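The first chain written gets the first letter, and so on, giving A, B, C, D, E and F; residue counts start at 1 in each chain.
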Amino acid sequence: MDGRKHDELRPISLEVDFTKWAEGSVLAAYGDTRVLCTASVEDRAPAWLKEQQQGWVTAEYSMLPRATETRSAREAVRGKMGGRTHEISRLIGRSLRAGVDLKALQDRTITIDCDVLQADGGTRTASITGGFVALALACRRLIKSGALRRDPIRRFVAAVSLGIIGDEVLLDLDFHEDRDADADVNLVMTGEGGIIELQGTAEGTPFSKAHLDRLLEMGRVGIDTLVQAQRNALGL
Amino acid sequence: MDGRKHDELRPISLEVDFTKWAEGSVLAAYGDTRVLCTASVEDRAPAWLKEQQQGWVTAEYSMLPRATETRSAREAVRGKMGGRTHEISRLIGRSLRAGVDLKALQDRTITIDCDVLQADGGTRTASITGGFVALALACRRLIKSGALRRDPIRRFVAAVSLGIIGDEVLLDLDFHEDRDADADVNLVMTGEGGIIELQGTAEGTPFSKAHLDRLLEMGRVGIDTLVQAQRNALGL
Amino acid sequence: MDGRKHDELRPISLEVDFTKWAEGSVLAAYGDTRVLCTASVEDRAPAWLKEQQQGWVTAEYSMLPRATETRSAREAVRGKMGGRTHEISRLIGRSLRAGVDLKALQDRTITIDCDVLQADGGTRTASITGGFVALALACRRLIKSGALRRDPIRRFVAAVSLGIIGDEVLLDLDFHEDRDADADVNLVMTGEGGIIELQGTAEGTPFSKAHLDRLLEMGRVGIDTLVQAQRNALGL
Amino acid sequence: MDGRKHDELRPISLEVDFTKWAEGSVLAAYGDTRVLCTASVEDRAPAWLKEQQQGWVTAEYSMLPRATETRSAREAVRGKMGGRTHEISRLIGRSLRAGVDLKALQDRTITIDCDVLQADGGTRTASITGGFVALALACRRLIKSGALRRDPIRRFVAAVSLGIIGDEVLLDLDFHEDRDADADVNLVMTGEGGIIELQGTAEGTPFSKAHLDRLLEMGRVGIDTLVQAQRNALGL
Amino acid sequence: MDGRKHDELRPISLEVDFTKWAEGSVLAAYGDTRVLCTASVEDRAPAWLKEQQQGWVTAEYSMLPRATETRSAREAVRGKMGGRTHEISRLIGRSLRAGVDLKALQDRTITIDCDVLQADGGTRTASITGGFVALALACRRLIKSGALRRDPIRRFVAAVSLGIIGDEVLLDLDFHEDRDADADVNLVMTGEGGIIELQGTAEGTPFSKAHLDRLLEMGRVGIDTLVQAQRNALGL
Amino acid sequence: MDGRKHDELRPISLEVDFTKWAEGSVLAAYGDTRVLCTASVEDRAPAWLKEQQQGWVTAEYSMLPRATETRSAREAVRGKMGGRTHEISRLIGRSLRAGVDLKALQDRTITIDCDVLQADGGTRTASITGGFVALALACRRLIKSGALRRDPIRRFVAAVSLGIIGDEVLLDLDFHEDRDADADVNLVMTGEGGIIELQGTAEGTPFSKAHLDRLLEMGRVGIDTLVQAQRNALGL
């Protein structure tokens, strides 16, 4: 639709230090999707972790009301978070924790806020990829300040969406491609190609194991590119 | 732990007509996990479907406060549904819709309530498998009463959980097995082996494509058994 | 309507150990009304009792959405508990506390959850009668484990509904009888016939002292039968 | 405690037209308990009554935060109404409806707001007695304006609390008497002595049928005095 | 409209000890506007002030549902406070704190509840003027009881509304004048004429600096009269 | 503190078309304060305006959780909007409506969302100034598309904050200046210098009429500069 090949990511950008207060701040763009990811460090683990001598990483995802084609009501106005918001926040948190040694964080909580400024497909995957960089920046700052001696980051974590349209497999779907897809997969992987999360949903027609194999192969290549973009953003 | 083989389901039971008011009612048991699934038919499609001349299937999942080892506060008392509840409700709804021709439902909504009376691992998969039977019973009643001429059910849908512990792959985990698993997969499939939902989560150690292949193969066999149990419950 | 005499209870059943996690668990049935009552022990008194060296017994009542003829929205989905739910929960809690020596519970809280699986009139009275058995089972377990030396149960507590239809007085109304009644009374009594709670409501026509006298006499007999059923369930 | 006889009401006052906007407005005082009762007429029946060609009477009870000895948090601030508020609102509404011919109200809703300015025992009974006068004033205004031809009020409704302390029976308890009572009864009656609501609660020691008989006899006399005060307030 | 001159206040009354439980209690009337203001002392500063060795004064404003020409839904029923309520509560709190030496309060919180019994314009200004008297009464009681040695009140604080209608400037608008005004100003001043809060809003036509100067001059005179009424109420 | 003169604005920037979906979109910056303002057009007036044949302009203000020095909890997570958010949203809405001929909007609602990406003082004034440009862009688009014939914008509206520190008067305070100010004024004016909103608050020491005069004079000059920036952004 936009001239890309099926296995080609949209233009990816990870702009660090987009805002000034947060311990880590990244504006992540996958094509026209733009997510502001910030990492906030709090010197306190959640109450339920008190006796386990480890820290925690959590995430909160939200869309600005007019990030989308038509305006959505604010969840704060409606007085409750929707199921989709909960689900994506939990996914981001779980994914990022898989990249971190929580013991090394000691009794700290790092909250990754992912606020979608503009949505055009792939907001959850851009949130994970960008949120990881914000998290790494915050850890780096903790080390520089002497608060931590050992880096809690133990592996890179990045994410990409994939879809099946007809018999074609596509990488990194935009809003219109996503709407038309028969199946929709979100893949979170480590820099070494280990699977952290795999969420596949058939929107009507069930899909086969053969399709899944092709999706995972294509996703693996996309993740490599994304991890390289993360390394560049972190100056590594 | 309980003498099962790794690829063996716990004892499965699908007791129909467990309650009397609902259009479809099933007590689904996977071992000690017991979920009361009811299907309620409303002669009205949701407002946002008004102009599309089709019906809808939705699901709500909940746990009784003492379904679990320790009591949890009621979501009605806390005044909001938790993220996990939202996420599972959405999963059940999506999965069951994949088995239904929504056009054939005309302007009806069928709500599948899955209330966990006792939880011992696999509550979401038992909800899908049992909820499908409740849904099929409700459809059958609509046909018998002459409200529908064509059966909206177009394929069987069942679900099972799987896990990786160390290097072993296990089918249908109970609560303690689930707690110890390195990775956790929920698989929703059709009777023909098409994938409807696949949700895999690494709890710490990423898992490999090879592991995933073994999980899917084992899951496929489990689903066959579950679909047979559904057929038996429906007298087919 | 169902062939019962006016002063005859519906078939009563109190099935203990219906679920496995709770310290006490009873499936209470008054005819087609079925309530799952569980008792959960927490080794902590409520904050506001801190300095009074006594325990507490509280109750929470809820109906599954399709326990009734037509489906009701979940209170967790609506984000608040309705007035009826509050009122019945408070009634159950007060009634059960009247059977217990709270000092003997020391600094423990026992929560009685009464979840209506199927409603056909008398859900609150079945909850009290069944909840009492669950409570007694939990106390028995505390004694067996050595946590308590003295049994906190000091008297049996059971409940029954009554109604006036025209000039007739009826015991233990089912859903349709209740709907047609001119007045509706819920009676909670001790095994010795002391009154714990008496809630009478005229649905239109006021009722007389003479009616009330007949209701209480008939209720007294019903309570005797219910207490006997409780004794049987507890093996006494 | 305050020099009253056991069967003597506290000084009762029903001051009409305490505020100017409401269709009916009464400041009801039972001793130091003061409740502002207003009746608001809306020319619309609730949605669920649409097809029954009748009106509705409903009530909302609330306490100002410092109506009591120590300040309570506002329910609007806590974001939800407490169980006690719900329960009393429902009691007031049911009691007042028993005095009204809802058909004669046609498609109108009258809302009785009972806001406790100062609480000293008996706030729910003062609300019912005062609320009835506000309701009657609003009906009178509807007749005067020609909106109604027939008076919807068909009987007087008043309420009083009673208690048992030791072996003594007391009428119209104030806050301290109520706190010390072994049992607590709220009685709502018609002007002719018919029972509309009877709510008796043992606070620890169960009470006997003999006690109840004495309570009802004493209550009956109190109600007569209260109905006379209502008549005076209405200039009848 | 009611025969007043443009720069004349409505009849002002500040009736102390209107209720008996609160540490300070005032019924404030500006014409037909009547607000019950109570001051409640708590021996604890808010958590966020813990380490600053000072007290706090806060306010909560609310309208009874039928304080107004037509009934409004209760905020407790709707489950949330409206923006207007929040805004006015904050204004009252800020205004009163400007009159108090918070250090002298030590670790106490005084909550000023302003409940509008009848609204006819100027409810927020009557709340501030009356709330100040309730606050001063509570401080006086703390001194009398020996809890405080130094009076935390350091200056009088009173408030009045003003408006522009056409080219006229008016003092202390009632409901109908307020509705017709082109601009609306609320002025909070000290007894010495210092400005504490000034909130001016054009309802359509912007207003000029010249108008503002006339409003402030007229407001100053009104405040003098109000502070005198406060002194009288406090017996100073 | 940052080398500015007392009457000098921070660097102002109004970047139009910052996002792609909204009918009007502006990133407004006052120094380090950055607010994303979007205008969303809906072809429907609010229900309560139905019969008045006019449109409406409303605003919603929010801060991203880490827009500030320390992270704040999301209002969607807490389940309710705070008083400050309500108050500022209402201020922005009122201010912008003063610039618009609502009749000319016909039956449309324009919602201005002001989401603070980074806060450093003056977030509400930047929201008004930027929100006005977003609103003007949306109106321009309605005219271009032929939906409107007459421009609903009838005057420019801009806003600036001012403060008093000691005896000095300052324009456009940043976060640290604001924290230290004795008094704080927000001024909303038209391009012609008419006052739309004036909100002055003494944070401790009351301020005098003489101070106010100096503030308004300085504010007037700041507004002129801001309106010029608005004209430039709109290409006028």
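What we mean here is this: contacts are C-beta pairs under 8 Å (C-beta built on N, C-alpha and C of every residue); 3 or more make two chains touch, one makes a residue touch a chain.
Since the model is a prediction, treat every value here as computed from it, not as a measurement.
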Any chain in contact with subunit C as well as subunit E: D
Required minimum of steps from subunit A to subunit C, each step between chains that touch: 2
Identity of the chain that, by mean CA position, is farthest from subunit E: B
From subunit C, the most remote chain by mean C-alpha position: F
Geometric centre distance via CA averages, subunit B-subunit A, whole Å: 28
Averaged-CA centre spacing for the pair subunit F and subunit D, given as whole angstrom: 50
Subunit A-subunit F separation of Cα centroids, rounded to whole Å: 33
Subunit C, residues touching no fewer than two other chains: 79-81
Graph class of chain-chain contacts, one of line, ring, star, complete, other: ring
Interface residues, subunit D side, partner subunit C - complex: 80-84, 86-87, 89-90, 94, 98, 155, 189-190, 192, 194-202, 204-209, 212, 216
Contact set on subunit D toward subunit E in their complex: 19-22, 25, 32, 34, 36, 38, 40, 42, 60, 62, 64-71, 74-77, 79-81, 85, 111, 113, 115, 117-118
